[in-house]
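Each of the next two complexes has subunit A plus one other chain: subunit B in the first, subunit C in the second.
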Partner chain A sequence: MSKITTPNGFTLDNSGRRVAVDPVTRIEGHLRIEVNVDGGNVIRNAVSAGTMWRGLENILQGRDPRDAWAFVQRICGVCTGVHALASVRSVEDALSLPIPDNANLIRNIMHLTLFVHDHLVHFYHLHALDWVDVVSALSASPKATSELAQSISRWPSSSPGYFADVQAKIKRMVSSGQLGPFRNGYWGHPAYKLPAEANLMAVAHYIEALNFQREIVKIQAVFGGKNPHPMWLVGGSPSPINVHGAGGVGAINVERLALVADVAQRTHDFVSQVYIPDLLAIASYYKDWFKLGDGLASKNLMSYGEFPSKANDQSNASLRLPRGVILGGDLSRIHEVDLKDPSQIQEFVPHSWYKYGDEKAGLHPWDGRTDLDFRLGPKTKQSGDKIEALDEEAKYSYVKAPRWKGHAMEVGPLARLVIAYANGDRRIKELVDGALKKLDLPLPALFSTLGRTAARGLETQWAAEQLIGEIGQLVANIKAGNSATANTDKWEPKTWPDTARGAGYCEAPRGALGHWIDIRQGRIANYQCVVPTTWNASPRDGAGAIGAYEASLLGVPMANPSKPLEILRVIHSFDPCLACATHVVGEDGEELTRVQIL
Partner chain B sequence: MAATVVLGIGNTLWGDDGFGVAAARRLAARPGLPPQTEVVDGGTQGLYLLPIVQEARNLLVLDCVDFGAAPGAVKTLRDAEIPRFFDRRPLSLHQTAFTDVLFAAELTGAHPERITLIGAQYEDLDRWGGGLTPSLAAALDDVIELALTELHAWSSGNSTREVSSCPTPTPRN
Partner chain C sequence: MKRPTTFDVLQERGISRRDFLGFCALAATWMGLGPQGGAAIAHALETKPRIPVLWLHGLECTCCSESFLRSSHPQASDIVTSLVSLDYDDTIMAAAGDQAEAIVEEIIRDYRGSYILAVEGNIPLANDGMACIVGGRPFKHQFDDAARHAKAIIAWGTCASSGCVQAAKPNPTQATPVHKLIKNVPVINVPGCPPIAEVMTGVIAYILTYDRLPELDNQLRPKMFYSQRVHDKCYRRAHFDAGQFVERWDDEGARQGWCLYKMGCRGPTTYNACASMGWNDGVSFPIKSGHGCIGCSEEGFWDRGPFYERLPDMQQWGIESNADKVALAGAAALGAAIAVQSAATVVKRVVTGKAYDKDSDDSPTS
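Let's look at the complex of A and B:
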């Protein structure tokens, strides 16, 4: 190959210099990105490879379906709740087991809380340093920083003295050489554009966001019984409601509900007075990044939908974020998604290190297989044991290639917001149009690196508002005397059919997550997960169509290929989480990113 | 949050990587824990463990680590020794090194007064779903005894620094 056009309409040219980044830092799990740049250092070919293998499904076989959530929540470092939720939903779907209203509300509350928490951590602690130069913050004037902060928000921590303290702290840290999480930055890179004061303000809020986690986790602890690793239950929610109880262990009472309502309000204030103003201020200095990194975004977007307003109703009349697919950029039509239709969601492996009986076939997750087949292509460039360049014409990733009706899809907050927008959701339209107006950008600007980052922020605002509403609804239910939280009608396996198959959906913070379960004689016969990062980090499929990461990198210019900050910006905008998409085989301690230019 | 927190970290699906969590669970079931001690299954939550670290006055971390020693060898590190060690490798299979969590705690001005890490040398992290290897399973009791000694020293107000500067790794074959 030198120059080719993919079936999904992208031109790839691998004739230029090859740059390999391994691993991409500040993400969960291991991801390797290789690109070819042309003479002007513009990316013309991209290869996304998960370098860890996942065999999760194989260890669930033969286990009790009611316990599956406790195993699957360990697949990932951070998003434990999403796997647990998809898992209990898959079992409830298989057994046709409805859950009580309160359980639906409690799940919504826990999941909305996770959205806010996860998005906040992503913005400040995983993604902000792609835009914020920590070292530049040292030269800021605390007084000017205070003026800047007060001009964009009424958040109280904004005095010159406050910013001077933060600056002194960073100075001590830099001079002692203990950079901690700031050690891997490309400080001073020409692609950093923020004035020193904006950098200092953002670093101050990085620290405040760290502290704010202490508040947010209280909600998970109340409803999940403990944190981390809250408890889940097939058939409902494990926390009993005991309104007037003085706080029996794990019980939801008046005092705890008041605490939850208070935390939700403060979370809302933090998001609307810190996160959103920071997001808009930073974005205003990087408007060119609303044109870069589109990839599949302006073409194919998918969401399984989330937050049912009515228990057990997964129709779009009930889902607060609708389910659907946008195809070919046509926002006037939302296609229906059915997780159980064997012709819709399928995974392919011609470029993945797995084997199928028929390599050309796509397998629906109910028939899915996870059999390892690690083979490098003949054009792989190696130096000793080290791979210098993968051969993307052969198998090159531990991530499978999932497709919806044969199409590669982007999933995540941008997909959810655009589908809700296209579906006419009033509040989402207000939020999106409002942000675009403030930044003086047209709607298509969303289909970009910063469009993804902005969508995540706006979704956080939306989720914080919904959180307050759901807590109010739960309190109202309880006041009306409804305290049921679990349906135990089908707890005993003897009440189950001999065989049952179910699909559990969940919109994780980073996108569409599905769990498929096949139950036989009360035990798990097969279990498959298709996680959000599998969609976004997908390798090529048999026809050569590329996935979302690969597509989004095309056309992105790099200032200096040996300091691939631009690649980090694009890939981080998806909030990758490879931990559950794949599985480690990397060497221990090999933490430093190698950037190799051939 | 209690004055003293025992934090077991690692992935229970990942062979020996689950050592810290297994040790924490066994410790929590033991009688004789000093009062005001909470045992937490931290999993691989990385930065999400920050609130727990921030609110602990004394922090005891149990984990499987790579000392380059024989499988099952146990080593105790205290305070400043910990970042020096962890800076060289990620938190087990996790990208956020545990030092980043400690560093974040320091950044926010809420840092435990005392931190001890008791780690066991792992043998095999690739036993997906396979549980601990025999050498690591055999190290559990040693680690729990060391943990209890440390916790009681804290609870009686003494730092164990003078008592046992660094329990020697016990190589196993």
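Let's look at the complex of A and C:
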């Protein structure tokens, strides 16, 4: 390859200088990105490689389907709970087991809590340092920083003394030469554009958000016992409700609900008074990044839909964020998505370290195979034990290439918001139009690096509002005399059919997540997951179509290819989760292929 | 540039020099160091830089990092910005790629034998270690380099301590816990999936405060956090003793907060601090939220399912029939309940097949 055009319309040219970023940090799991830049240091080719693999689906063979949530929850501890939720839904779907209203509400509350927590931590702790120069904060005037903060928000921690204290703390780290997590950062890089005062404000909120985020997850601890990795239950929620009677201290009671409501309100305040003002302030200095990093965003977006307002109803009439696909950038039409249709969602492996009987075939997850086949291509460049450059013409990633009706898709907050926007959701329209107006940007600006980042923030605001609403609904239900939390009609495996197949949907913070289960004689016969980062980090498919990460990097200029700040900006805007993307393995436990390093 | 020392940090937190010297003298007395000891400690704290920590990630899910960040006392932000120097942790570090990997080399070069290595996740050995590639190399190589010159290694979570989910049968990647690959460097196992936040930061705070590694049991776990079973400290224990059990999800017993033993609770065989310390600033722990313990800090717990069957290994000790009898007889059957307790205490040994730790204070006769 030197210069080619992919079937999904991108031009790739790998003739220029090759740059590898490995590890991509401030993500979950292990990801490697390689790019080729042209003479002007503009990215002309991109290669996204998942570099870890755990084989969890193989481990699930033969186990009790009611235990599956606990295993798959351990796919990811950052977006903790999403796999558990998809898993219990897949088992309930297989068994046609409805859950009580309260269980649906409690799951929504748990899941909304995760959305807010995960997005907030992503913005401040995984993404902010791409835009915020920590060292520049040292030259800020605390007084001017205070004025800036008070001009954009009424958040109370905003005095000159407050910012002076934060500055002293950072100064101590920097002057010691022991910078801890800020060591070897890209401080002073020409792509940093914020004034010193905005940098100091953002660093202060980095620390504040670090201390606040642990409060948010207390909601999950109330209903699930702990976070990360709370407890779930097939058929409902494990936490019983008892607000009136004896023994209520051992259940969801008035004190627990007050705790949950208090945390939800404080969370909402933090999001609307710190996160959103910071997001808009930072974005206003980087408007060129509303033009860079589009990739698949302006073309193909997909969401499975989430937050059923009615228990057991997965139709768009019930889902608060709708299910659907936007194809070719046509916002006037939302295509239907069916997880059970074998011709819709399929996975391909010609460039993934797995093998199929027919390498060109796409397999629906119910028929999924993922037998390991780790081989580096003949053009791989190595020195000693180190891979210098992968060979993207061969297999080059532990991530498979999922496709919807043959199309590569982008999933995540931007996809959800655009689909809800196109579907006419009033509150989503208000949030999106309001932010675009403040930034003086047109709607297509969303299809970009900062468009993704902004969509995530706006979705957080939406989720914090919904969280308060769902807690209110739960209290109203209890007040009306409904306190059931679990349906145990089919708890015992002897009540199950001999064979049953189910699909469990979920919108994880990072996008569309599906679990497919095949139950035989009460045990798991096959289990497959297709996760958000599999869609976004997808390698090329057999026809050569590229995935969202690879597409979004094309055309992005780099100031200095050896200091890959721009690559981090683009990739972080997706919030990668590689432990999710690369856990898959085949159902038959075949002996694993030996590694061949050519 | 002068590096701030522990004293500098304390000073900026409002501790006067007089108080500082007083603390050092007292510490010297506790340690039996004699009259000059206080000055020696003061000198060390005034001049020693913050201890560098390399936090590596192997095959894992990052739940340990996430739990660590939830710590309320000490606050994770204080640990990261003031108490240690967390120079490498790919979950939060600013640098990436070559700039990130250079840090591992720099710390090994500049702090040989005096940095702490923290490992989250485990090391896959199958396929020449290529199931986890970091910086273009097998994770095993990065791990070996960093481990060789560490002062001590903290193995975070059940992954690093004993294997966890990817090491469940058939362990497709041959995922291997830290201590099986290490000789000559002390290893502290901090199991749990994840471990409790304050247990994680507590281990670090202990090392910094007392300038020594915590006392460990025969599975290399800090005794202060892992020497008692969840069952021993469970606030629902009285219901177990009284024979009051949840029989079905959301039944009257569940709503009354009765014992979850019959729903599969692993509290009787799990050594962890959940029932004492609680999770998320003490808000709850699994049993308090109505679900049994799944034993996530125990070696091999994934292969001891199904999680909702009551402890199968207890049957041979007559536990199940005793529990039923207890349930029938109610609280009057106090003698049977005591028999249940002492039998339950030995279950752990049966399940793991481990030799008895004479130094442990959880003897079966206690």
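Note that the second predicted complex is superposed on the first by the 574 of 598 C-alpha atoms of A that agree within 3 Å, B and C clash if a C-alpha of one lies under 4 Å from a C-alpha of the other, contacts with A are read in each partner's own complex, and residues count from 1 in each chain.
As a working rule, a contact is a pair of C-beta atoms (placed from the backbone, for glycine too) under 8 Å apart; a residue touches a chain by one contact, two chains touch by 3 or more.
Note that the structure is a prediction, hence the values are computed from the model and not measured.
Enquirer: Quick check on the subunit A-based superposition: subunit B and subunit C, clash or fit?
Expert: Superposition result for subunit B and subunit C: clash.
Enquirer: Between subunit B (first) and subunit C (second), which, if any, makes contact with A:15: first, second, both or neither?
Expert: A:15: touches no partner chain.
Enquirer: Answer with first, second, both or neither: which of subunit B and subunit C does A:175 touch in the superposed model?
Expert: Second partner only.
Enquirer: Taking the superposition on A as described, I'd like to know which of subunit B and subunit C A:213 touches: first, second, both or neither.
Expert: Both: A:213 reaches subunit B and subunit C.
Enquirer: According to the stated criteria, A:71 is in contact with first (subunit B), second (subunit C), both, or neither; which is it?
Expert: Both partners.
Enquirer: After superposition on the shared chain, which partner residues are touched by A:229: those of subunit B (first), subunit C (second), both, or neither?
Expert: In the superposition, A:229 contacts both subunit B and subunit C.
Enquirer: Contacts for A:240 in the overlay, against subunit B (first) and subunit C (second): which applies, first, second, both or neither?
Expert: A:240 sits against subunit C, while subunit B stays out of touch.
Enquirer: Have a look at where A:521 lands relative to subunit B and subunit C in the superposition and call it first, second, both or neither.
Expert: A:521 contacts neither subunit B nor subunit C.
Enquirer: After lining up the shared chain so the two structures overlap, which partner does A:58 touch, if you call subunit B first and subunit C second: first, second, both or neither?
Expert: It touches subunit B and subunit C both.
Enquirer: Specify the partner with more touching residues on subunit A, choosing between subunit B and subunit C.
Expert: In the superposed model, C touches more residues of subunit A.
Enquirer: For A:562, is the partner it touches subunit B (first), subunit C (second), both, or none of the two (neither)?
Expert: In the superposition, A:562 contacts subunit C only.
Enquirer: With chain A superposed, which of the segments 6-14, 78-86, 240-248 or 330-338 in subunit C collides sterically with subunit B?
Expert: Clashes occur only in 78-86.
Enquirer: Shared contact residues on subunit A for subunit B and subunit C?
Expert: Overlap of subunit B and subunit C footprints on subunit A: residues 23, 25-29, 55-56, 58-59, 71, 74-75, 77-78, 80, 121, 125, 169, 173, 178, 180-181, 207, 210-211, 213-214, 217, 228-229, 579, 585, 589.
Enquirer: Under the touch definition given earlier, write down the residues of subunit B that touch subunit A in their complex.
Expert: By the definition above, subunit B touches subunit A via 11-14, 40-51, 54-55, 66, 83, 88-90, 93-97, 99-100, 103-104, 106-108, 110, 125-126, 128-129.
Enquirer: Residues of subunit C touching subunit A in their complex?
Expert: 1-4, 8-9, 12, 49-50, 52, 57, 59-67, 69-72, 75-77, 80-82, 84-103, 126-128, 130-139, 141, 164-166, 168-173, 175, 193-194, 197, 236, 248-250, 254-258, 274, 279-281, 283-291, 294, 296, 302, 305-308
Enquirer: Can you list the residues on subunit A that touch subunit C in the complex?
Expert: Listed in rising order, the residues are 20-30, 32, 51-56, 58-59, 63-64, 66-67, 70-71, 74-78, 80, 121, 125-126, 129, 134, 168-169, 172-173, 175-186, 207, 210-211, 213-214, 217-218, 220-231, 233, 235-236, 238-242, 245-251, 259, 372, 374, 385-388, 483-486, 488, 491, 562-564, 568, 579, 585, 589, 592-595, 597.
Enquirer: Which residues, counting only subunit A, touch subunit B once they are in their complex?
Expert: Checking each residue of subunit A against subunit B gives 23, 25-29, 55-56, 58-59, 71, 74-75, 77-78, 80, 117, 121, 125, 169, 173, 178, 180-181, 207, 210-211, 213-214, 217, 228-229, 579, 583-585, 588-589, 591.
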